[in-house]
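Look at the two complexes coming up: subunit A is in both, with subunit B in one and subunit C in the other.
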Partner chain A sequence: MMKFAPLIWKNLGRNKLRSVITGIAIAFAVAMVCVLRMLPAALDGMLDSMSAGTRISVHNKAGLTYSLPYAYVNKVRAMHGVVDVATYQWFGGVVDEDKGVQFPNFAVDSDHVAVVFEDWKIDAKALEDFENYRDGALVGTMTMKQQGWKIGDLITLKSTIVPVEAKLRIVGEIERGPFVWFSREYLEQAMLAQGLSFDTTGTLWVRIDDASQVNPLMARIDETFRNSEAETSSETEKAFFSNMMSSAQGYVTILLIVAGVVTLCIVFIAANTASMSVRERVGELAIMKALGFRWRTLFTTLVVEAALLSTVAGAVGVLLSIGATNALRAITAGSASAGPMNAFFVSNAVLVQTLFVAFFIGIVSGAFPAFGASRKSVAQTLREVF
Partner chain B sequence: MALPLSYSLRSLFARRLRTGLTVGVIALVVVAVSLILSLASSLRRTLVSSGDARNLIVMRKGSDNDGSSQLTLQSLQDIRFFEGIARSPEGEPLLSPELVMQPFFIPRTGGRENVLVRGVELMALAVHDDAKIAEGRMFVPSSGEAVVGRGVARRYLGAQLGDQLAFGRNSWKVVGILESGGSSFESEVWVDARELANDAKRVMPYSGFRLRVADGADLEALARRIGDDPRHALEAKRETEYYAEQAEASGQIYVLVVFVALFAGLGAMLGATNTLYAAVQARVAEIGTLRALGFSRAEILRSFVVESLATAALGFVVGGALAIALAAGVSAALGGISWQAETFTTNVIQLRVGAWDLAVAAALSIVIGLVGGFFPARRAANLRPIEALRKA
Partner chain C sequence: MIEISNVSRFYTRGADEVHALDGVSLSIPKGSFVALMGPSGSGKSTLLNILAGLDRPSSGSATVAGQRLDALDEDELAAFRAAHVGFVFQFFNLIPVLSAVENVELPLLLTRLSRADRRERALTALRVVGLTERANHKPRELSGGEQQRVAIARAFVSDPELIVADEPTGDLDAKNAEATLELLRTLRRDFGKTVVMVTHDPRAEKYVDVVHHLDKGVLLESRPGGSAQP
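Now for the complex of A and B:
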């Protein structure tokens, strides 16, 4: 077969303009498909990187905006297999009332987050200060940058849900995410000063010692609070985040349809070119056949030619998509509303799949016209041409 | 002398497979672009059509949506009789105190979504006068009844008229279906405000107030007076403005539209160029003959560009029809596309390809046809008749 390589190469170069144009068209379409296909992969990758297998979220079964009695913490903490529990209370604090809530901020159990979020690798000194100073705050790196804050700064967060203004001092940084944490104790005392009692919380984050015990433990927690005034619903951390994003489903459906449509586009472009090349060469092919070349050989060279073109173009497209996702990330960087868009990254699985699809398209688009040409007899073809 | 239009059109039919494939490519690009555009525009249409320019929304200062705002009973009593608020025929202020909760609902397709449940008083129907009970009746306060938006009824389990709908800590009997001309109230459930507050065990009973400004009263001045009231940290803005701000999130979709249009559009353009080059090549003798007969270069250029434009137009028609059908199909299959804003509230959008989406797709196909056709057409026009005939 290798001795036909020069023939294939010459054939590709025969109509350079057409080969190049087809190549570029396929490359663009492949790049598109890559970018679109990466959205679900980006979402999943984001979820994986966000969650730990040994952390469970417990919240009110009715919804995230419903509260749980704070007393639940001690009941869960006493359960066998639970290492520690920290609570999260949404504070809805704003720095500037005209700009609204710019980052998620929570009142947390400052003496328990170190254990529960051990895998976040927060600086030990920062955690110690956070535990010791009632007005301490830990701030996500993203938010630090966005607000131009540094460690040691004094900040004021005005809540939009309780009549409290939290005056805090930044004692450290949380490298992942935009979160701002401050002590629940601070919030309780501030509420008390207003004459308001505060004995509820939003979410419990439970750290367990054995990842294989996640399911039985979740069942046990929910069973404990069944038929109480606030029934709970437990989820793994990954399920929690993926449920938060479940409404992106429609969006993803549309993108996948579009990706499918564009893939079909590639097929059409490639098939068009292949059919043109074969059609022009019908006479030549008949002569080669008359000279004694086997039809199988000629068929193979045609298919290889088409496959080579679309695979090379596919590779260029994949490179293009890497550039495009980098650009997309750069454009949407720092904009919280961009959601998964700034989590686009190139996953190897998608790249390999797309390359394979390009290769497959090349074979199919080459095979059809080549097969069509083979059905005519040599004599008939030559008669038509000359 | 002009080459007749039918010459260009007949040339297309002479090579059916090739024309068909090129039309297919352009049609698919039209589908891709108009589907994504329709996602953005359907979301925008839902939100922008919401609210009334004569209404004010009052929230706690700093809240960007009523789901994250909490207000006291005292603040309601303090602003209720402000001057400039319209009155009902009975003399009641047209002011609707509302409590927003976002409990989980289960879509027909599985998973769970936060649906906006609005606790209201009967006054709400007078303040939001675009919202109408289309089927059934309004709920009776304190009797565990709910009315659900048309979009909610389509998308979620147990939300049909007569169903017992479970959310929060209780279950509620669905007694009516709410319609508001496609605006975001159709993605909501309305129940009695007091019942909802009890169910949610809220410290503060309200999220926001909606009020109708009296005819002739100064809306801006009323908004300022509410915002400047030193007793409460309140903020009032025009309802339409509030929903327009919510619609800004759809901006991110446009980034994607540009990407698709650029990449897929370029691909299609090159595909069309290719086809036309081949058409020119196959017709060298014909073009030579035309030139020899006295048709000018300009005429031949025009005729080839027309051929390419006709291909693009055909592609647009096929693609547009396909996109409209696909959008309707997806909408029906999922019971509407859900869109969760940053505020966690889900809007149920009926995906529809609008006139503007089609216009953009049409413009793109014209560009594809023009640019894709120009270079091959120029080559055809520049053929020297003698050489062209000799080659044949």
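Now for the complex of A and C:
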């Protein structure tokens, strides 16, 4: 077959513009497929980066909107293996009632978050101020930017679920996420001022000392509160965020379907190109058969030609995807707000699979027109064409 | 060299059966230059296709270079053509993306010759037809006469016993037509090739040994041409 290589190469350059355009179409589609195929892994990577292996979320078994008795906190803190517990109470505060809730905001145990979220690397001075000032608030960098806030600013959050208007002072930033934290003590006193009791909480975030003990400890917590007034459901931090992002995973499924459809479209584009290329060469193929070329030889050269174009374009597409994801990671490096973008990495497995798909596309797209043309009777073709 | 015995060829065209050849018998000795003449639809191209191994008779037998072509399958016919037959067509039918020398080299891709040997033989064939200087030109850069000479070089480069030519002068001016006929006669005379040519061109008669006249699929007459040996 090697001696036919120059012939195959020259035929590829027969209509350079068409070959290049087809190649570009395949390359871009392959690059897109590569990136989309990595979206689930990127989301997983993002969840990994967001989550700690030693943190557990405990919430009401009935759902996140149901509360837990605040008394559970000390019971969990007392369990063997638990380092500390911090509670999260959804506040649903808005800056502008017309715009609704623009960022998640919680009343938290300001004297425990430093330990429970130790890995978030929140500035020590900010944490100290947060603990010392009852009206202190820690605000996510993303929210700071969106709202145009800076440290020291006074902000007012009006709750959409309790009759409280929290007047807070920003004492520091949280690099991760868009959250706004303020002191649970502030909320308790504000509620008391309204004549309301506040002895529940939403979620318990539990920091444990040994990641290998996550599952037994989760089982122990849930077992402790079984048959109580509020049964608990414990899950790892990653599982918690994964559930929170289940709608995003639905989008991922849609994107993967799109990737499949795109692949199918490429097959048709490549098949059309191969078909056109073969159709305009029917006479030449008949001449070559007259000269003694067997149909299998011609069929093989035509298929190799299509596969070569598709595979080379696929390789270019793969390189494009590597370049694009490298650029994306470089641009979003260190930005916690970049979401899955800074976790995009095209794996070797996906590269190989996609290259194989590109090769397969070439084979399939070349095979059908090549089979028809190479099996045609020489005498009949010569009569029809010349 | 060629023995055609009671060959008929029928085609089905829609509901009709077309009798392209009807009981033709013909003998062509080795090393002769033969013209098949007759009006359009007389069956001369069909006869040429059969004796070149491009088509098979519906009945009768065709023996060429000692092989019964009517008994060969497609692959065997392809192998037969590669080994024994060179082709010259009316419209030259060179591969446009290949240079003159690459076009001539094409049949040699089916041999076991090395790349260097293939190139050397192709250049030799081009020298025989007087186109050494045009070896690296693409067909579109050559005149009609030059393209036909490249096609003739391609026809004999693999040293086949039989060269078939279908209207080789049909698309050429008078000067190039004469040059082409002379070249075909040279192949017969200097290289001992058997040349069978389908033509309408009356000038061809003086170059060939025998003229076979066909009409409506029947061989009407065979008479000596201008190059007939006394």
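Assume the second predicted complex is superposed on the first by the 248 of 386 C-alpha atoms of A that agree within 3 Å, B and C clash if a C-alpha of one lies under 4 Å from a C-alpha of the other, contacts with A are read in each partner's own complex, and residues count from 1 in each chain.
Following the convention adopted for this analysis, contacts are C-beta pairs under 8 Å (C-beta built on N, C-alpha and C of every residue); 3 or more make two chains touch, one makes a residue touch a chain.
What you see is a predicted model, and the numbers here were worked out from it, not measured in a lab.
*Asks:* Quick one: classify A:K289 as touching subunit B (first), subunit C (second), both or neither.
*Replies:* Second partner only.
*Asks:* Look at A:N11 in the shared chain and tell me whether it touches subunit B only, subunit C only, both, or neither; answer first, second, both or neither.
*Replies:* Once the two structures are laid over each other on A, A:N11 reaches subunit C alone.
*Asks:* When both complexes are superposed, which of subunit B and subunit C contacts more residues belonging to subunit A?
*Replies:* Residues of subunit A touched, subunit B against subunit C: more for B.
*Asks:* Return first, second, both or neither, reflecting whether A:Q194 touches subunit B, subunit C, both chains, or no partner chain.
*Replies:* Once the two structures are laid over each other on A, A:Q194 reaches no partner at all.
*Asks:* For A:N326 in the superposed arrangement: first (subunit B), second (subunit C), both or neither?
*Replies:* neither
*Asks:* Output check: A:T22 vs subunit B and subunit C. Expected answer is one of first, second, both, neither. What do you get?
*Replies:* Once the two structures are laid over each other on A, A:T22 reaches subunit B alone.
*Asks:* Does the superposition put A:V261 against subunit B (first), subunit C (second), both, or neither?
*Replies:* So A:V261 only meets subunit B here.
*Asks:* Determine, under the contact definition given at the top, whether A:T156 touches first (subunit B), second (subunit C), both, or neither.
*Replies:* Once the two structures are laid over each other on A, A:T156 reaches no partner at all.
*Asks:* Where on subunit C is subunit A touching in the complex?
*Replies:* Within the complex, subunit C contacts subunit A at residues 46, 49, 52, 54-55, 74-75, 78-83, 85, 87, 89-91, 93, 95-98, 102, 106-107, 109-110, 115, 154.
*Asks:* Would you tell me which residues of subunit B are touching subunit A in their complex?
*Replies:* Result: residues 17-18, 21-22, 24-25, 28-29, 31-32, 35-36, 39, 60-64, 67-70, 101-104, 109, 111-114, 167-169, 200-201, 203, 233, 235, 248-249, 251-252, 255-256, 259-260, 263-264, 266-268, 270-271, 273-275, 277-278, 326, 330, 334, 336-340, 342, 344, 346, 349, 351 of subunit B touch subunit A.
*Asks:* Help me check something: in the complex, which residues belonging to subunit A touch subunit C?
*Replies:* These residues of subunit A touch subunit C: 3-4, 6-7, 10-11, 13-14, 283-284, 287-295, 377-379, 382, 386.
*Asks:* Contact residues on subunit A for subunit B in the complex?
*Replies:* 17-18, 21-22, 24-26, 28-29, 31-32, 35-36, 61-67, 92, 94, 97, 100-101, 158, 160-162, 196, 200, 229-231, 243-251, 253-255, 257-258, 261-262, 264-266, 268-269, 271-273, 275-276, 324, 328, 331-332, 335-339, 341
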